[in-house]
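As written, the chain order gives the labels A, B, C, D and E, with residue 1 at the start of each chain.
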Amino acid sequence: MNKNLKEQVLRSSGVNVLKCMRCGKCSATCPSYDEMEYHPHQFVYMVEKGDIETLMKSESIYKCLTCFACVERCPRGVEPAKVVEAVRLAAVRQQGGNHLEPTDIPALLDEDLPQQAIVTAMRKYAK
Amino acid sequence: MQKISKAKLYELFDDIASKQTLYIPTDREAGAAEYRKYESGMKLTKELNTVRSAKDFFFPQTENLAEFKIDGKNIEVRDIREECEDFVIFGVRACDAKSFTILDKVFLCEPVDSFYKNRRDHGTVVTMACKRPAETCFCKTFGIDPTVPGGDVSCFDDGESIFFLANTDKGEKFVESISSFLEDGDTDKLMEVQTRAREIMGRLPLAKLSTENFGGDKLNEYFNSDKWAELSEACLGCGTCTFVCPTCQCYDIKDFNTGHGIKRFRCWDSCMYSDFTKMAHGNPRLTQLERFRQRFMHKLVYFPANNDGEFGCVGCGRCLAKCPISMNIVKVMKALEAK
Amino acid sequence: MQRIGVFVCHCGTNIAATVDVKAVAEALGHEPGVVISQDYQYMCSESGQELVKNAIKEQKLTGVVICSCSPRMHENTFRKAAASAGLNPYLVEIANIREQCSWIHKDIATATEKAIILGRTAVAKVHLNTPLNSMESPVVKRALVIGGGIAGIQTALDIAEAGFDVDIVEKQPTIGGKMAQIDKTFPTLDCAACILTPKMVEASQNERITIHSFSEVADVKGFVGNFTVKIKKKARFVDETKCTGCGLCTEKCPMKKVPNEFNMGLDNRSAIYIPFAQAVPKVATIDPNYCMMLKTGKCGVCSKVCSAGAIDYKQQDTFIEQQYGAIVVATGFNPINLDKYDEFAYNQCPDVVTSLELERLMNAAGPNGGTLLRPSDKTHPHTIVFVQCVGSRCDDEKGKPYCSKICCMYTAKHAMLIREKYPDTEVYVFYIDVRTPGKNFDEFYRRAVEQYNVHYIKGMVGKVTPKSDGKIDVQASDLLANEQLHINADMVVLAAAIEPDKTARPLATMLTTQMDTNDFFTEAHPKLRPVESATAGIFLSGACQGPKDIPETVAQASAAAAKAIGLLCKNSITCNPCVAHSDELMCNGCSSCEKVCPYGAITYIDKEFRMPDRTTKVRRVASVNPAVCQGCGACTVACPSGAMDLSGFSNSQIMAEVDAICK
Amino acid sequence: MQEAMIKRAKELLADGSVDRVIGWKRGEFTYDITPAVFTSAEEIDSDFVCDDFTAANVSKYLVKETQKEGKVLAFLKPCDTYSFNQLVKEHRIDREKVYVIGIEGGPKLDIEKIKAKGITGILSVKNEDYTLRIETIYGTQTMPFYEAVLDKCASCKSKKHVVFDELIGEDGDVLDSNRFEMVEKLENMTSQERFDFWRDQLSKCIRCNACRNVCPACTCENCVFDNPKSGIDNKAPADSFEENMFHIIRAFHVAGRCTDCGECSRVCPQHIPLHLLNRKFIKDINELYGEYQAGADTTSRAPLTDYTKDDCEPSVVHERGVE
Amino acid sequence: MQVKENFEPVIVAFCCNWCSYAGADLSGTNRLNYPTNVKIIRVPCSCRVNPMFILRAFQKGADGVIICGCHPGDCHYTSGNYFTRRRITLLYSMLDFLGIERNRTRLEWVSAAEGAKFAATMQQFTEDVKALGPNRRLEDLRCRKQ
């Protein structure tokens, strides 16, 4: 496990993952659940274990819509979306560049993509 | 009369201070002067008088009287009296100088207060004549001429020089000791200054205040006066008047446990305080009225009754200036007289 | 003149090894007032105590200082010894030269020096000790139980059984509380009404028990052994003494559209009503919010049909005042309000219900006569989803931080009962943890799973969406299968967290008892005094102290009763004499002390003082009730005039100690 | 305003609404005004005064006055109403026995400040369009009005009357005063500098008790310093420690109760800025426990008889400012 | 200020009966050493400590005063230490305002279980006071030991 990475994620997210009581309400409420390899509750748990690299490699970090439903519903105030965001940030930092250029986006658009996803995509994929 | 040019005065002070302790009235802050031990560079105040009176020199606010050394179950009494060193107070006003004679009547009559006497014997009072009395001054009422201030040595200021006139043996000795600084001087201008000062005295708002309706025989007349209730109504029962008064001489004796012994000391007390006459059985002066009456009856009736007509007030005006509610002996005298 | 005895204990070598006890005894012998100073091997032993006792008698001691272990250890021992030798026990002081000297220091010289200072400090204090006598305060032989649920009933029955009069104050028209609304009880599945109603009847028939139903506590004054309580009997517009409970009025009442709170608003009742058939007292009550007669003055049907002439539209609230020796709080709980939980659609969909509502839906006396039907369309539900921990274990303002404790078990009960009665119904239970500590509890839960095939899913429901076809989409996570589920349900049952009754907090203020941030009453000690409040004479019964199931509630109710009986048995109580007292001559009556007293021990009286000048003056002065004061001393510092002082720890005593240490 | 006050006082006396009037009585000079109780229209006509020198806060006298029979009319300046309210709150004044007429407040004048300019032999002081015209036996002098204003008025906290039965003149507002400036200045000094400052000031103390006896918060039946049983009774500043102790304990006893009326400093014959001690407590209380103005109402809980569970720890003292 | 080599400060500790005094006992039971300079006065609750006592200690020759009570929320009398906290904060602030060294005064919460904390606190406090040297700013000269 990479302690530095864990520290970095914890610090940049500002989340205390130890508050999680493993109820799974975040995953129960997640609209992107089926798209994700690792689900919100797993993010919290894996960050706690320090298994950050697996998460960073997973496409899941780009599937989160940042809709904050998990943040809103979590009974313990853990804020899983912020953890996802922090892992994504760690990935972006390591890659040293943007995952996506704004010019790439129009080609990726399709009709089913919700408006929110486009906005959050810009937030997430660009520096 | 012998004089010293004002320009040389501080040289003289330096010289006196090199031989004995010298106290002069100096400014602590604007409008508030106090006696301080003279050190080179210190300047005389321009104020008429000090906030606290000069009585502190002979009757300090607190003073140790005896000590008890306690060791386990043993107690040893120690006499801590020791001979005081010579000192000079310069610039005492006529009113304060007069106050010493009043204090003497209390402390030097039998049994003599050895602590007081010790200081009195070693202190030389050098007074300074007044030129610019304040509206609160009424020393004239008590027969004091502030242009001839008394003390061991009287000093007069004619604007350019200070004249020295010894009044007592101690004063003679003092003038002698500083004679190398003095020269003979012409007193013409001084007389002029004196006359002007006396003329101002006559124009003071309280110039007409008189003691003719007061004295040792007025006990029955005033004791039950219905004026006391009204006069004492606003009195806070603080000790300001007492503590700035040059003639108030009451004190309390207390013991202080230092942990390794007892220090027995006396400290000023005030008849205005609610516990002043408190005794085992209670307090005969139950209300502020009685305490208030006591203070003024003492100064205007009881004291003259026991001291050949001498009043217990010198008209310095400190209580007029400092009473938090501006109640004072002048108002009391006027009210009582009005009947 | 003081005659003080100093006794220095060796405590074997515990003290003597690091402190030169002979030197200590020698040094303290020279202290003023000390007439005898001895050392001994074990001062607390029989012979050591004998030494002290003999010295007290022979030397006519006026004070005793024991230099030994902590006063927390043997202060009482030596106080008793002194008392038996005829010396007031409060004239004994302990200098702690073991825990606070010999045990922590190694150098004999400095340890001995410190021991002497500690001894000297105790001598200085004992010089100023005064004999203190414990006050006796009489005990009124009557108890008040606030709340008439199972906890209150059980407590009242136990106290009455012991031979004391008990009053129950219940704010509802009937006693019975939450248990009366429950259908079956776990883990035995027996009918709640069948075991509760006999107790309710027993309570009503017990001649030592007086039930004040539809009443509230309005004011509490006094202290342990002697509380004065003002009880407000709310107007029910029916004369309790005349009403026979025949129920004719409730049938004839034209106003029938009143939500029935007993059935959780799932059906309606009339404006004049008897909450349920077995209500105690079985007396009708008029709901003034709905009664046409009370609102418009036009109706009066109930009055006409009542052959007993019990209806009284002009009835007013009345107040009764009564003395009590002990008060038991049994104010119980309520499920929390779920308005803030939008995700569970509780407010949008009638088929999303709380567990307590489900109890009524399944109860034979409930809205559907015991048949489980969906509230929306009265059809039989085929898929039911239970959601656990709704509002429990929450970190936010919406819910409660604690575990509500009973939900796991009642959900298993519900699931089991539904599967038993309607085997065609699929039951899903979403849980975070299943908590089943308790006798036969886990077995019960396993039965639900193994025997009744209830689907327990580790995970949480994230979203409940009512659909247009009347079904409910339940989106949830199954953590073990690592998948997100959508269940097409007919009903959703929410295990809402429970919270203390809203009336508890104002009551706690009246009783000057403590509450935690969740409004549960705080027990005097979490382990050793779990059924007493920190305020003497106030006891805690049931869920007002924390979430509890029925057997625990009953156990605590009986425990509280036992504690109350223990108090009522006494003719008087001995009070700690180290209490505050006010010097009336110095008291300003400013109320500072009253404001910091945690026990409400300080009251103000207008007292007439004879002044030295023979006039009299009436002044407001503080008066400390020594039976209530616990001796913390907060008031002594709040008092600006120094009128307030504390016996046993007086200003002068503490300052003497300070002086002795700093000497 | 004085005329209006006299008129109302006489009316209320005449119709029996009140039995006595508490106000101020003129003295020998312009400035030596004494608080006084008036019982007749004649007395009021001849002696009642309200001018630039009527600074004394008469609220404390009402403790004594309300113990007597009958009702008393009190003229209270805005700052006095705070003291009055605080005394009502502490059950020291019977509110029912007082008819309060709120009057406009200062700024009032400090004769000591005029005298400090070297002006002596004062016969009268007139305010002519905010220039003081001072007639003395040595001639006429002038000085700007604001240079002679009392310190307590210069840092006035409020022109609002917090209690009154009627008002003469306008009611004002709570002011955004600079009253904590000096406290802040001291806080920013080093510990040694602060020590030196206070030693210099407190060494002047002659323990006349004027500050205590004038203080409307000091109405104890028996002050701890006068009570031999208190263990800290003491009559004189026999040692620098005792000078310190008297003022620390006094400030502590009035902490949370002091309305910052400034009377202590006004009456100190030695000009010790005693109000700074009280203001330090007020400032601390405001900063640590929330804004609190003693006397603003009669119901709120005083900061020292109150607490919250998350109050700061005393370590804040160690953590702020300069050592 | 000059620190004397062999300066042994006098330290008065006020301990509440229910927590801190028991904590002090526990540090004894566990044989946890702290300096002999510390002398404990037992009070029922930290709220019994009057500012007068603290000043009195300094007057009579103490070099440091420490108050120990139950942790906030754990007061045996439920609210005593909350009042202590306010009073003592204000008092210490006032002493600081008068230029008295901050490290001469302290308030510490020590539970009955915190014997180690008690010993460590006393150790540290004694060192802090030692570093300050004798109390000169708030002493009564008459009480100074000859």
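Heads up, the rule we're going with is that a residue touches a chain if its C-beta (ideal position, glycine included) is under 8 Å from a C-beta of that chain, and two chains touch if they have at least 3 such contacts.
No experiment lies behind these values; they were computed from the predicted model shown.
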Figure out the least number of contact steps between subunit A and subunit E, where 1 means they touch directly. 2
Which chains, if any, touch subunit D and subunit E both? B, C
The chain pair with the larger count of contacting C-beta pairs, comparing A-C against B-C, is A-C
Just grab the chain with the largest centre-to-centre distance to subunit B, centres being mean Cα coordinates. A
With chain centres defined as mean CA positions, report which chain is farthest from subunit E. A
One chain's C-alpha mean falls closest to the whole-protein C-alpha mean, and that chain is E
Whole-Å gap between the CA centroids of subunit C and subunit E: 36
Which integer distance in Å separates the CA centroid of subunit B from that of subunit D? 30
Dist(centroid_CA(subunit C), centroid_CA(subunit D)) in Å evaluates to 48
Which positions in subunit C touch two or more other chains at once? 596, 638, 651, 655, 659, 662-663
Find every residue in subunit E that makes contact with two or more other chains and list them. 51-52, 56, 60-61, 79, 83, 87, 140, 142-143
Residues of subunit B that contact two or more other chains, please. 256, 259-260
What's the complete list of touching chain pairs for this entry? A-C, B-C, B-D, B-E, C-D, C-E, D-E
Where on subunit A does subunit C make contact in their complex? 19, 21-30, 33-34, 39, 41-42, 69, 73, 75-77
List of subunit C residues in touch with subunit D within their complex: 585-592, 595-596, 604, 617, 620, 638, 640-643, 651-652, 655
Can you check the complex and tell me which residues of subunit B touch subunit C? 70, 72-73, 257, 259-260, 282-283, 286-287
Residues on subunit C engaged by subunit E in the complex (per definition of touch): 70-72, 96, 98-101, 103-107, 110-111, 113-114, 117-118, 121, 514, 522, 534, 578, 596, 598, 630-634, 636-638, 646, 649, 651, 654-655, 657-659, 661-663
Show which residues of subunit D lie in contact with subunit E when the two form their complex. 183, 186-187, 191-199, 224, 230-232, 238-242, 244-245, 248-249, 251-252, 255, 277, 280-281, 284-285, 288-289, 303-309, 311-318, 321, 323
